[in-house]
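Okay, got some structures for you below.
The same chain A turns up in both complexes below, where it pairs with chain B and then with chain C.
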Partner chain A sequence: MPALSAEQVRSLVLERVQSSLAAKGLRAEDIPDNYDLLTEGVIDSMGILQVITEVEARLGITVDFEDLDPENLTVIGPFCRHIAKKCVNVEK
Partner chain B sequence: MGATSNASSANATSRGIHGGFLHSCELYAHRPAIELPDTMLTYDELRNRAMSLAASLQRATPSGGPPLTAVFAYRSPTAYVGVLAALLAGHGYVPLNRSFPPDRTRTMLLSSGCRSLIVDAQSEPQLEHILDLLEEPLLIILPERTDASILQSRWPNHTILGAGDLGPVAAWQEKPVSPDSIAYLLFTSGSTGLPKGVMVTHRNVTHFVDFMAERYGITEQDRFSQTFDMTFDLSAFDMFIAWERGACVCCPSRKTLINPAKFIQSSKLTVWFSVPSVGIFMKRLGALKTGQFPTLRWSLFCGEPLPAEIAKSWSLAAPNSIVENLYGPTELTIACCLYRWQQGKSQEECLGGVVPIGDPFPGMDVLIVDEELREVASGRDGELLMAGPQVALGYWRDPEKTAAAFVVPPGKNQTYYRTGDRVCRPNESGPMCYLGRVDHQIKVQGHRVELGEVESLLRQEAGVEVAVAVGWPVTASGAEGIEAFLMGNKLEPQTIREKLKSKLPSYAVPRRIHLLSEFPLNPNGKIDRRRLNNLL
Partner chain C sequence: MEPLFSGAFKRGLQILAYLAPGESSLRIWLHRLRGVRIGADSRIGMATLIETSFPEWVSIGNHVTMGMRTTIIAHVVGLPPNRNRKKEKYTSVRIEDDSFVGPGVIILPNVTIGRGAVVMAGSVVTRSVPPLTMVQGNPAKPVARCGVALLWHTPIKEFYSKLRPLE
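Let's turn to the complex of A and B:
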């Protein structure tokens, strides 16, 4: 069960929503840190749950989102850093 | 006691569903009526804004239309001011939602026949699309825009008013409300591909509000969640029960709703009301921890089956609250059955891990019937029919669909609404349990979707004769999404999906379209949906 860096989580997540991004003419590398997947219409609320489930399966951990500001739950940068932070804690 | 409550109920009816709000304005003028992410309006402020808008509606609405005003606003002050303004002007309100495809919104506006439309700033950009091809002159009010003259020159055919053009509060004229006039016209998914408008009257809503406000002992100290969009009739619970008693409605942003745990705490909510999906999400995100929500007095769920697991977790997270499961289609006015969750006892009464829907509200009559509309034997399952003061008037300008759904069963002498829901009462003295849909109407993430509507659009866009839509993956409360099957190999699923995206709300657009060389059939020669599910 490897720990992932925020960058690696980001790649995982963006891979998952690749087709929606492509439909908007965007590539993963174009996505800024403050890009909101929900308000930009890339993902719906059920989609975010699917992403979480996939990332968790990949990491073999359950991530608690209680202490992530709800407004940041669908913002790519904070979301990925939160998951990376949680998996470091599990490693320790 | 009985006579008193009857008298107050009759009185409330003649005041309309906004009567309670006006009464609370007298008692609690400076208390908060509505809280939004960036704003708060007191009763006094909300009333003044609504009356000024209502005065303009009364003055400038073009004649010849039905007494209805559309409110095209989303989680903004204008949404609430607009609803009250429509009612104060003597109109019913027709909620529209900018998160729906503009085509769908235009269809709703057109079929409602509304001659007046209230729009908030963020919905305004969609006007271009919605007003396209609209011939009837409309009154369009943009209360968040000071000067509407640019738009007026863009659409000379319509009358467009901004905040600066609104009438003085004093110009508002009180209109008597007939209990049987429409309080709101709410469009739901229709099987022919066109949304159908449910006509809900002041009498319907008043019956609901009187019972619920009393049951929950609501006071001016209460703080209600508003998780539902106004295009979902459950939103009327929050508004009209809170305002009936001087309480505050707390409306979070759409984003906050994904994980509203912090919102519940910081807003000090006392009454929670949502679809169970919100609870399922929160549990999944680790946000339902024991003792998290001490301020809640009531935790209410409605709109889709409530998993026992969620009722249990929620009642631990909100230890000072009572959890109730509400049930009711739009046609029976918000909710008409309820069940109180009791840790321990309720586990045994759940069927398939789903909390019972319980018993009807006082005054509402239940009938469980077979296909011939004859009552089934005790303990057997059948379609749920209900009669009573919350049965809506029917479908807007659609006598055919109204006659099919609002029926007088053999041997009965009142109108029952056919819910299309399959229920049973396993024990004669126990609660009713929900088993599923009789037809193909399902819940996707809490939203009602007629698979027939999705299929009819699929056929249309793909130019094929047979299309099948199924809910998939199946969840305790319905389905996570829709998947579709088409026969043929020259079709382009992606193109078809793109076309559907402009016609259906996102949750109803099939996530995948599968092409088959033929459909599996069951022994009756019908398409075998179960075997299609096995392909997924």
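Let's turn to the complex of A and C:
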């Protein structure tokens, strides 16, 4: 499993929610680091599960969110950096 | 055959409970008066219908949160409960401690929602739900394993961070 950068994880996640972003008239490149996918209505509780499932399937790892501040779970920047960090740890 | 007075009494209280304020106080009291068994520190949302004919067949545990417009049906027309079990308190729908039932859920007869389980909004529960399992859809199917129970004071993101999707 190749390690991915936070930017690559971000592309993966935003690709997954592309249709919801488009419905709000947003493009992936417009999304700031502190954009909260949950409170902005891009994903719901099922959406969180779907994003996690998809990322895990694509990367072939199980991501543990214990050490991520729950408040940042659905914020695009911290979420993607957390996953990228986990990828690196698995590589090691 | 249901006695006329008791039937009218239960339904009258259901109408009051449907409209009454007080998710953890007055509404709970009215449903208990109808015969629904409800534990401590549970909350029932507005416009909830809990088994109009046989409310005593419904058991709701402690720390249960139930969203608005939930409907619980505990009896099946033409299928009376097993008469051999008459001596013990018959329970058709059991919602165990620490469970969370989202708004607009329909719960059908003869199911148990396990301790700490979560039923997502708008789901139709036709089969029992294992403890600490999140179910969704019609019919409701398991979608995730809950790391913690979703109590009314649990921060939602903390709950999400401990969810594990099921295959």
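Here is the rule we use: the second predicted complex is superposed on the first by the 92 of 92 C-alpha atoms of A that agree within 3 Å, B and C clash if a C-alpha of one lies under 4 Å from a C-alpha of the other, contacts with A are read in each partner's own complex, and residues count from 1 in each chain.
Simple rule for what comes next: a contact is a pair of C-beta atoms (placed from the backbone, for glycine too) under 8 Å apart; a residue touches a chain by one contact, two chains touch by 3 or more.
Note that the coordinates shown come from a computational prediction; the quantities given were computed from them, not determined experimentally.
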{"item": "Which of chain B and chain C A:L38 touches, first, second, both or neither", "value": "both"}
{"item": "First, second, both or neither for A:A28, with chain B first and chain C second", "value": "neither"}
{"item": "First, second, both or neither for A:L73, with chain B first and chain C second", "value": "both"}
{"item": "Contacts of A:I48 with chain B and chain C, given as first, second, both or neither", "value": "both"}
{"item": "Chain B versus chain C as contact partner of A:F65, first or second or both or neither", "value": "both"}
{"item": "Shared chain A surface residues [contacts with chain B and with chain C]", "value": "38, 45-46, 48-49, 52, 65-66, 70-71, 73-74"}
{"item": "Touching residues (chain side chain A, partner chain B) in the complex", "value": "36, 38-39, 44-46, 48-49, 52, 62-66, 69-71, 73-74"}
{"item": "Residues on chain A engaged by chain C in the complex (per definition of touch)", "value": "38, 45-46, 48-50, 52-53, 56, 65-66, 68, 70-71, 73-74"}
{"item": "Complex interface listing, chain C residues touching chain A", "value": "120, 136, 143-144, 155, 157-158, 160-163, 165"}
{"item": "Complex interface listing, chain B residues touching chain A", "value": "255-263, 281, 284-287, 289, 445, 480-481, 506-507"}
